[in-house]
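Next up: some structures, all given as structure tokens.
After this come two complexes, each holding subunit A, first together with subunit B and then together with subunit C.
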Partner chain A sequence: MKDLTRKKIDSATIITGAIVIAVLLASFIAEQFMPATSMLFTVLKKSATYALVAVSMNLLNGFTGIFSLGQAGFMLLGAYTYGIFTIPVAERMNVYQYYNGGLVQFVVPWYVAMLLAGLVAAFFAFLIGLPVLRLKSDYLAIASLGFAEIIRALFQWDKLGPITNGSNMLRLFPSFNDFNIRNASGEVVVYLDTLVPLLITTLCVGIIVLLINSTFGRALKAIRDDEIAAEAMGIRLASHKRLAFCVSSFFAGVGGAMLAMYQATVQANGFTTIMTYEILLIVVIGGIGSVTGSCLSAFLFVAASEWWLRFLDQKQMLGNFEVPLLRNGFRRVVFSIIIMVVVLFFRRGIMGTKELPDLIRGFKNRRRKEAASK
Partner chain B sequence: MSNMLKVKDLKVNYGGIEALKGISFDVEQGQIVTLIGANGAGKSTTLRAISGLVKTASGAINFLGRDIIPFNAQQVVAEGIAMVPEGRRVFDNLTVKENLKIGAYLRADKEEIEAGIEDIYQRFPRLKEREWQLAGTLSGGEQQMLAVGRAMMARPKLLMMDEPSLGLAPLVVKEIFSIIRDLKSEGITILLIEQNANAALRCADQAYVLETGRITMSGTGAALLADQRVRDAYLGSTAR
Partner chain C sequence: MKKVLALVLTMLLVLSAAAMAETVKIGVFEPATGANGAGGKQETLGMQYANQETKTVEIGGTEYDVELVYADNASDNTQATSAAQKLVSEGVSVVLGSYGSGVSIAGSETFKNADTPAIGVTCTNPQVTAGNSHYFRVCFLDPFQGTVLANYAYKELGVTTAYCLGELGNDYDQGLVTYFKQAFEGLGGTVFAESFPKDTQDFTSYLTNAEALSAEVFFCPVSIDYAVKIIEQASSQGKTFPILGGDTLDSNMVSNAAKGTSVKVVVTTFYQEGANETFDNGFKAWLAEDAEALTNNGGNDIIAGVTAMGYDAYYVALEALKAAGSTDPKAVMEALPAVTYDGVSGHIEFDETGDAVRTTAYVKTVNNETGDWEFVTEQTVG
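Right after this comes the complex of A and B.
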């Protein structure tokens, strides 16, 4: 735990940046040469989305000490905002078939819609933050969970149909696949559908990291460690908590918009408490208070649940021997056991509170010590 | 000499219980003033009321000619009153340096903050050695130094210390009190709250005895140290 982050840009920070760029480059190159149907890309897109939401949740749970479970609600707000403002006007009659084409009859570019998604989520966070943030720990968690459930029900309400399309899904808005550059005959020339979500997540996570390392972020950590001492230092608890709540919800909203793009459809029913728990699980497994951990475990979580364990759902033959127990749904059993094992053996998550630059520094120090002892 | 802090007839209630039943005392500029008393006498409540962390029921708190009763914690710090809270309360998961920076939270001048941190390091070289260590991994005495340094980062005119000797080894307690004397010699006014009445009275210019929400005695540190009632109640009969 010694030798924590120094503020100056040192070689470890540069190496971290290089690793991030290398990952982005590798996925871009892989995208061009591997078949577009490969599970790798599905997993990368979904884990980029989940990583952003997990980091935004970590900002609250890990860095400010606010235990909020409203993430799915803010994602829903983001996803719907994105969908509502980007469905092409020509398609609105088809999508809002029961509501006469809906109320909104214009579109904005996808990046504007994404920004709006964040802003709408942040605005709702501001509103519910006024009463909810007065609560502490478990009570706050329950209240925010309740908010998410209410939002989910509200968006399916028939009377809001002209805007939300009621309980019907929103679709036909631009998805990740629309980022691919096509030639005149409709063939894809350059694949970008994996790179763009990764870039969006990198940008947003970068902003959050800068925020965490700023004076504001330091004040949040002080509040997490000791509210009374923080207040005695002159930190305004209420306004800091509210701002952290709004910022976290902003990025959850952007994450929601990304989820909409990933799924290509949006339906309020999908944003259940289970989704919040999945995000929470990612945060806990990665390490509460580690951005690197959240990103890493988002990928591992999505890859394990969607891809690597798929074979457990089918009959497998080893020579003439049929492996017992394997059938549809067995994947989930194994997955649950893996999670239990991880939680048992990594009590503080994969990364604890460490970040990638800390690991690189630790590695370097070890090498220096070895060199000195020779 | 002028009175920096004037507390008059201060009352504080905690859910129907009167924690302070109207106390009055003054803190003179450049002096060490101490409040001594047993558990539950209302010492910490007094400090919390001054720093705006609890609401007062009635009375007046005047700091450098301004009424600070309506001020919140942030405004009180901005006025120049910093606190070393009871039980140190350093931010465990922040580094020593980050803790110091939080102390200067309301100051904006980056270079002066860096200079201020260097000053603290000169005063407490052991903090410099542990600059990048998490505050939670420091020893009790080091944490107390850090708590003092953190409060000093706000550049206070008045430094309030709540039980700085609590839970520290006797040798470390001595060190803490020599730090308090050093701060005074640099012209910082100190309001000190202690259960360790002996040590507190020895360094205090002015002292007040607090008993269940009321001030029952006052006088110079030396006078109270010699007072038979104080000796019986707080120092033990063996105290010299």
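Right after this comes the complex of A and C.
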């Protein structure tokens, strides 16, 4: 019998690692030589953020079978934690203009704030997990959705203004652009503003992948497939689910902090249910239960909605012929239709439950079979 | 199919490249969808009208065609960043917009990194221009507007108790309420302030509260949709206090809601129809010809304050281009602080923050019989 408990590092895994490194390298090189105003980098930054949150959601929905819709709430917690702890003290009077500079009067480095962002989100996940995780399927989804809405309203409450700045936005904290290395006269020498978010996402997704392939991860998959059978085999449902929920929220919190860095501003108003649905859509399009799928579809989703389809918003002339229908707002229509087509005809998403190494292995096996039949 | 598609796309590319000769691009950073879509479209109309009125500009001795490049920020801070990036990547020389201060602040960072100047048209939050050198603005600010409204309520309406209502999480509403409160209490009045959650449909409890607190004026600087509901419900409850609002309420949808009721609606705004006959008539004639523009204006030809501001902002941008003598965004940014222009909404020049120096706001009210806006007074705060 094959040893199931320990996977050997096969060539497919190595090739996958090489592909990831190649992508990172390519983006680094592109960043140095392409104009910094190119849309590609904006899209890469945003999709890195969304990919992380989508993978964290996938950990719950795809690998544990917990249907949670609280992602926007946890992102909000992460984004605010990051913002609150990193706005330079000198700028606080400007930002907290209605609250006398706010209560928090110190800063922590960005990586500490990012870690804190994850921890705060995980802590809240633990708290609300206590009652909420007793619920199943739809009820859990409704409860987590409600949680996200409550958190949003709470952060906008003006009594909390000295901390959260009430209805006003947080800004002036370090954003991705601050990672660029500048010389004394302020000119950028080395561009890092795209590489850093990609690296953060790679690191976090890497941790999640290791987790999924561990004993813990296999226990989660067992819970997903059949709770009763899993329990009968000695898996503690409550603690496993709670841990999965906290881990997922931790990374959603980190993703929230990344979103804050990407936007350079944070306002609770933006973290609506629509944001959760966008991420759910990414997970579904990529394939529920596929990390590769979530990353791929995050890029495709962001690129299509923010970049490739933007030309639909502008009138286009072909010679003297004006292309009909193209005007402001039409992009949204086309985008919705594309999504409907994808959901109708690719029900299992781009990747199904397959990962990149699986594809490489499949490709190899096919070649081997072809060679054998000759 | 692929071949045809590739061919069409290449042709588009070639055509746009051919059209690029001697063209200066002005970015239109406005919401066309989302909560502020209606307002953003009306503001864009002003720019479009100005663009078809003055299609070219002479920069450094060469005649350039002016091309407006649109990016829909969807009234959403996340999309604002990429919309701003789209404009920057298209190489615009200057950006106009946006309706809504939140998206302007969100897009600001992108413009700053690309050294592209932006001219805010009706974003009234002080934070848009504070502490940066690339964002300018042609309208007045919330502290000014809040003070004007408080003065008007206290001195002209003669009331001493005010009730303020803003949307929770909306910095525009909350900011204006804060400034109104400061000014009104400074004059010696009493203010009660409350917030309602997003997407509220039923405002009757807030209206009842206001009455229970014996408020004599109801100040609600909210988005158009909410304002319409508040007016309708105040009317059906037979409330007698006047409803006061900021520049967002200056919309034909609000005046339509007040038509045929006995609710008194008073707003401050940037421009009053009739202040400039040539602009009014020209704009109306343009609307009559262009069905799409008419739809974007809400189906009738009442001129919104934001349209006049969009019109002025376009000409300010042209002045800046002329003064810069180049289409380089950096040169335009350096030229902007010194630009002065006499627009339909008054004289425009910038102070050291980059805000237009404005001392006057127009106060207008709805005629309850005809549903038209009527000019009340010009309120000045020194």
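The rule we apply is simple: the second predicted complex is superposed on the first by the 368 of 374 C-alpha atoms of A that agree within 3 Å, B and C clash if a C-alpha of one lies under 4 Å from a C-alpha of the other, contacts with A are read in each partner's own complex, and residues count from 1 in each chain.
In this section, a contact is a pair of C-beta atoms (placed from the backbone, for glycine too) under 8 Å apart; a residue touches a chain by one contact, two chains touch by 3 or more.
This one's a predicted model, so the numbers in the text were calculated from it and none came from an experiment.
After overlaying the two complexes on the shared chain, residue contacts for A:Val343 are found with neither subunit B nor subunit C.
In the superposed model, A:Ile21 lies in contact with neither subunit B nor subunit C. Between subunit B and subunit C, C contacts the larger number of subunit A residues. By the touch criterion defined above, A:Ala219 lies against subunit B but remains apart from subunit C after alignment on the C-alpha atoms of chain A. Judged by the touch definition given at the top, the superposed model places A:Leu130 against neither subunit B nor subunit C. After overlaying the two complexes on the shared chain, residue contacts for A:Ala238 are found with neither subunit B nor subunit C. Within subunit A, not a single residue is touched by subunit B in the first complex and by subunit C in the second. Against subunit A, in their complex, subunit C makes its touches with residues 8, 11-12, 15, 32-33, 37, 41, 44, 69-72, 76-82, 85-86, 88-89, 91, 102, 105-106, 108-110, 113-114, 126-127, 130-131, 166-171, 173-175, 178, 195, 197-198, 292.
Residue ranges on subunit A touching subunit B, taken from their complex, read 1-4, 6, 215, 218-219, 221-222, 224-226, 228-236, 289, 353. Of all residues in subunit B, those touching subunit A in their complex are 51, 53, 72-74, 77-78, 83, 85, 89-95, 98, 101-103, 105-106, 132-134, 137, 150, 154.
Listed in rising order, the residues of subunit A touching subunit C in the complex are 35-39, 42-43, 46, 91, 94, 97-98, 152-153, 156-158, 166-169, 171-172, 175, 177, 259, 262-265, 267-270, 275, 306-307, 310, 313-314, 316-319, 327-329, 331-332.
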